[in-house]
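Chain lettering (A, B, C, D and E) follows the sequence in which the chains are written, and residue indices restart at 1 in each chain.
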Amino acid sequence: ADKVTLQLKWVTQAQFAGYYVAKDKGFYEAEGLDVEIKPGGPDIAPEQVIAGGGADVIVDWMGGALAAREKGVPLVNIAQPFKKAGMQLVCPKDGPVKTEADFKGHTLGVWFFGNEYPFYAWMNKLGLKTDGGPDGVTVLKQSFDVQPLIQKQADCISVMTYNEYWQLIDAGYKPEELIVFNYSAMGNDLLEDGLYALEDKLKDPAFEDKMVRFVRASMKGWKYAVDNSDEAAGIVMDNGGQDENHQKRMMGEVAKLIDNADGKLDPATYARTAKALLDQKIITKEPTGAYTTAITDKAIK
Amino acid sequence: MTGQSPAVVSASKLGLTFQTSDGPVQALSNVDLTIGKGEFVSFIGPSGCGKTTLLRVIADLEKPTSGSISVNGVTPEQARENRAYGYVFQAAALYPWRTIERNVALPLEIMGLSKAEQAARIKRTLDLVNLSGFEQKYPWQLSGGMQQRASIARALAFDADLLLMDEPFGALDEIVRDHLNEQLLELWDRTNKTICFVTHSIPEAVYLSTRIIVMSPRPGRVSDVIESTLPKKRPLDIRETPEFLAIAARVRDGLRAGHSYED
Amino acid sequence: MTGQSPAVVSASKLGLTFQTSDGPVQALSNVDLTIGKGEFVSFIGPSGCGKTTLLRVIADLEKPTSGSISVNGVTPEQARENRAYGYVFQAAALYPWRTIERNVALPLEIMGLSKAEQAARIKRTLDLVNLSGFEQKYPWQLSGGMQQRASIARALAFDADLLLMDEPFGALDEIVRDHLNEQLLELWDRTNKTICFVTHSIPEAVYLSTRIIVMSPRPGRVSDVIESTLPKKRPLDIRETPEFLAIAARVRDGLRAGHSYED
Amino acid sequence: MSDLFSLSSITPRSWQGYAALALLAGALFSGLLVTATPGYDIATVALIFILLLFAIQMDQFPPAIAATCLFLGAHGAAWLLLAGITGNEGTARASFYLLLAAAWLLAWRCVTVLSALRPTSRWAATALRLIIPAIFGAWILIIWEAVTRGAGIPFILLPPPSAIGVRIANSLPVLAADVRQTIFKAVIFGYVVGSGAGFLAAIAADRVPFLRRGLLPIGNMVSALPIIGVAPIMVMWFGFDWQSKAAVVIIMTFFPMLVNTVAGLAASGHMERDLMRTYASSYWQTLFKLRLPAAAPFIFNALKINSTLALIGAIVAEFFGTPVVGMGFRISTEVGRMNIDMVWAEIAVAALAGSVFYGVVALFERAVTFWHPSVRGG
Amino acid sequence: MDSFRDNIVPVTSILAGVVVVWYVFAVILNAPFQRDLDRRAGETPGIVEFIGKTMAQPKPTLPAPHQVAVNFFENTFLRKVTSNRSLVYNAWVTLSSTLLGFAFGTALGILIAVGIVHVATLDRSLMPWIIASQTIPILAVAPMIIVVLAAIGVTGLIPKALISTYLSFFPVAVGMVKGLRSPELTHLDLMHTYNASPSQTFWKLRVPASVPFLFTSMKVAVAASLVGAIVGELPTGAVAGIGAKLLAGAYYSQTIDIWSALVAGSVVAALLVMVVGIAGRLVDRAMGGRPA
């Protein structure tokens, strides 16, 4: 079987259920692939791993991938399983922030490590400065939990619909007590979990074929996971996920982001993402060749 | 206490045994001793017979394992806490991070003397041991004899009524030694201090002491006590008198008796 | 080199100045000296006159700042590398983590002697200094004099042709001292070693030496050289002979001249 | 080439010289740079050879001249090599590395010659103390530059030092703000309080036997509270600004100080302590006049170790919830943005700051423990 | 084991003190959130009930000691030691790379110290760069190191151990440079007169003289290497080990898990430091150390 190494963006959880299901259910094997899934974690940059030769294909967000592309790692989006973005900003209802207009002068929790682009794009749109001055907002680098809100260190924090949001609920907040700014709903979303490979390797037809089979099996995995979300959560647990209930809920939410996708990239969202990055000078020139539909076209026939 | 002349040191049946990994070492055994105020007592005896140990017991640096001892009528510990004595160790024990001057100042600082008083005492005692001009040197910049003199100066600056001196002049040449012997006698005469003095030199012991205690080893014990009949005023040339030589001969005999390989 | 009898130590115009933070200290100045094979040379002089420094220069532990010196016809450094001498320091310098036995073994280990040879030499030299029975003790379990004897044993075990001894018997009583003096003379006579010996005792210097070098301080220099006219075989009572006393008197005069406060 | 220089007339003075000569020969055989690599013409390559041979040959002269020539030869050759690779990244061949290694060996030889110098003037001694580590460091950078550029290592894995240098020059205001936040607030405060607390805890344990038995084992437990476990908790307790980072630094620096002070307090000699007893000196007098001076070498050990630990602690603590300024924040963020040159710029600044910090502590140490054999020379 | 008995009372009483303070802080720190909860739920509990609730939150700001104790107990004793959820298992995973890293680190530290003490070139050129190396924030470069190591085929225990090594060699190097230079000058002179070779002087004098410094440094180093092992677990995939537990706890704000992992780490640390301390005392005794 052909060996493929997949580097995830984060730790083992239902966010990546499709890949684990595809491996567990033998979808990869059926395509003649031997796939190794490497979990990520804080401070693991999948872009570095693939550049260092540690992976064949990575799960990454478009922002990070385009930035890396400009820095000389020619990443190409080969499939986009997540149609929508799961990121949102939430504020407690009894706090000072009720609408976008209230942001000024308040503290907002944001994830960094490449996940900050949508937020900055949004603030850019609202015309708010982010340097902590009185007529802007104070940005707090949030760690991977919801403590800043519970501790009242921030007035609003970032959460993923499928993950931290539920931690807030667990901590005792009721959904009706939270004001939610969802990036997708606002049309501010940038592309999240996609699959990326290196451009020069893709030129090799054998590798391209491998990727076609990989994407096909992965999307099959995703479909299965969406349809059997409890089982998928169980598979994730078997592979090192934590907290079964949480994984089940996450699977449910992730299913909404997949939204019956076939893995094809939506050029409009791509264009918006690229523009937002350009506007913030995360990248300096219009990227070209940063995605290909060739793989998905072949995979989904 | 002996009644009229108060005993400064009084020990009875004193014994001390060190526990070492290869068995106990009996350093002192059955030592009876009374030293009155104003006495100058020399301890002499073969190497390893317990002279240092006895001085350390008086100074409350070792606890006896048997018998009893009192210093100034109280326990050695209380006497130490009253700062009853100054001690000159067999090795100089100067602090390497202090200059000579500041080494001498050490006990004075601890007693909390004023700066002026400290300076005066330092000058006086360093003059006495002929170390003027070396105030600002560090111990490792001095010769062995100079280090020992600095440590004598330190003990003298402390100015306690009881002086415990463990071979203070061992590393000094005859001339300096004679000079310091005279100085010490003069100081003793003037201040009526009580002095316990360990030495290896028989003439020195005889010249200085009112009483000479000869010790012998294994186990360390007092083998002879010789009262000096010499007058209190002693010019250096007293050392040629027959009386002096007679005492010296007696000490030598006592000392020889303690040496196993001399029989 | 002096031609026929090869010079073991030969120094000319030797000088050494220490740089200290409060100015230079001239420890040796203009020292001329030749010591032939088989000589027993004593150095005597007031405390701080540079005796130790001179020995250290011979041993390549200090570098002279002027003049020249050779040991066994080569530089002190080469001589040291040939293990030409054994050194007894003024302080015992025993390693606290080694027992007495293993302290004496140290130079033998370094020379790479066999275990059996080591054991034999250790036994012999510890016997010589009368420390048998203390082989397994650590230095801090010994009295001051015993420590010094251990360090003498260590130097003797090394068995070099040149012995540099810096006040080896300073902390010993008269009886032990006499005993060790005899032993040392006997060893010297038997092995024809060359010995440089620092002492503060005039009788000791006269009793032991073929030549006595009197030094005086500030700056350290040779002020008198006294050839001994005593025969090579010296019973202890030679110290009562007029000849002996005459030499001793001359040494005492030389010594006294070096003491500033004696004038 | 070989008729230009008769190799046989060159007689090296050191094994580095011989090895360098061998490498030059190897470079000749493995094909000259010109034949394989763009960026090098005959003239450049000849110049490189001349420089290296010149350095080997001059080694036999008096140290000062030899060192100068070695310095010029090695660094001139390295400079030419690096200049040639510019614009041709990733094309280096074996001969490139062989020549680089030869130059490096000669630089090593240069350092050896310099180390053996015993300058008489104070000024020259100081200069030497700076030059020797500088050459060593320069070669770390040269080799790094040559390998990253020569082998064409992706920028986001390891950028060459030159790029990092440019980045530093262009980001001074940002770097300054980060240093202010991380070092001048968190590190210094945490270092002082943490070391102080460790010191006081050691004294307390020494003074009160009850505490000694109880506190030390618990002090040991603090030693391993890992930053990643503690940092989020500290953020919870002390907010996300520098105070929580300082708290992490306190925890990290506490233990080394505790352990070293305890060991140091046991280091004074028996006779020295007996002396204090004869003066009936109080606990505190003995402490200040004897035991602390005797403990100073140990305490300075802890201060030195802490000077670097504090920096690591503060930076790593900033990975977990911070305001958007600070060296740790910048590092973790810029990794995410693939601006690895910025990451290394921060690291370089951290290394510089840490070295200065350590150097200051070491200077204090020399001044305070001048009497210790390790300072007096040994 | 007299000393053991002597220690029990002080240790337990100080621990008891810590626990009391901990309870107080738990109530204080958890109170604001509890108040929020109650307010949102429209409840107004009495004081006692309120305090009880602050100590029973599922994700408290500061878990109460008994919450941690229960969690610690369950995860230590009630799980099979081979289970991924067992603290014993996770502690063992961390411990193994700690020990490996500590061994490497000590060896490397001593090696560097020996080099610095003996080779003038190294003394002058290496030390500044070693110091500089220590200021590199390890967590920042660890992922890169691990990527590079993985690329050349080194995975598993070694990368984590290398991070431990990196953190632990420095205290040893600094301490040993000091220790190896600490012999008395007369003791060095003595070796000099024997014309002892550098290696003889090293083994017979410098090493014994450096022992107090060595063991003190090793205590610091073993603690540092434990921290290194825990930190190293993050970028290496963090599947098992105390660091992984901490991280997993942190994702989901499971503060009780975090604290019990912290307690586990601390216990391991205290044990390691104690072992080094005991080793130090044994060596001291074997060297004829004089009782204080």
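Note that in this section a contact is a pair of C-beta atoms (placed from the backbone, for glycine too) under 8 Å apart; a residue touches a chain by one contact, two chains touch by 3 or more.
What you see is a predicted model; the values in this text were computed from it and never measured.
More C-beta pairs touch across the D-E interface than across any other pair of chains.
Farthest from chain B in terms of Cα centroid separation is A.
Chain A and chain B have Cα centroids separated by 86 Å.
Mean C-alpha positions place chain B and chain D at a centre distance of 55 Å. Between the CA-based centres of chain A and chain E the separation comes to 35 Å, rounded to the whole angstrom. Of all residues in chain D, those that touch two or more other chains are 157, 232, 236, 270, 319, 332, 335, 372, 376.
The residues of chain E that reach two or more other chains are 61, 139-140, 143-144, 147-148, 184-185, 234, 247, 250, 290, listed in rising order. Across the assembly, chain B contributes 91, 140 as residues in contact with two or more other chains.
Counting only pairs that meet the touch rule, the chains in contact are A-D, A-E, B-C, B-D, C-E, D-E. Listing the residues of chain D that touch chain A in their complex gives 154-157, 232, 235-236, 239-240, 318-324, 329, 332-333, 335-340. On the side of chain E, the complex with chain C involves touching residues 184, 186-187, 189-196, 200, 204-205, 208, 211, 287-290.
Those residues of chain D that touch chain B in the shared complex are 269, 271-272, 274-282, 285, 289-290, 293, 296, 369-372, 376. Within the complex, the chain E residues that touch chain A are 32-33, 36-37, 40, 58-59, 61, 84, 139-140, 142-144, 147-148, 150-151, 234-235, 237-239, 247-248, 250-254. Residues of chain A touching chain E in their complex: 11, 38-39, 41-45, 48-49, 52-54, 94, 143-147, 150-152, 167, 170-174, 177, 240, 242-243, 246.
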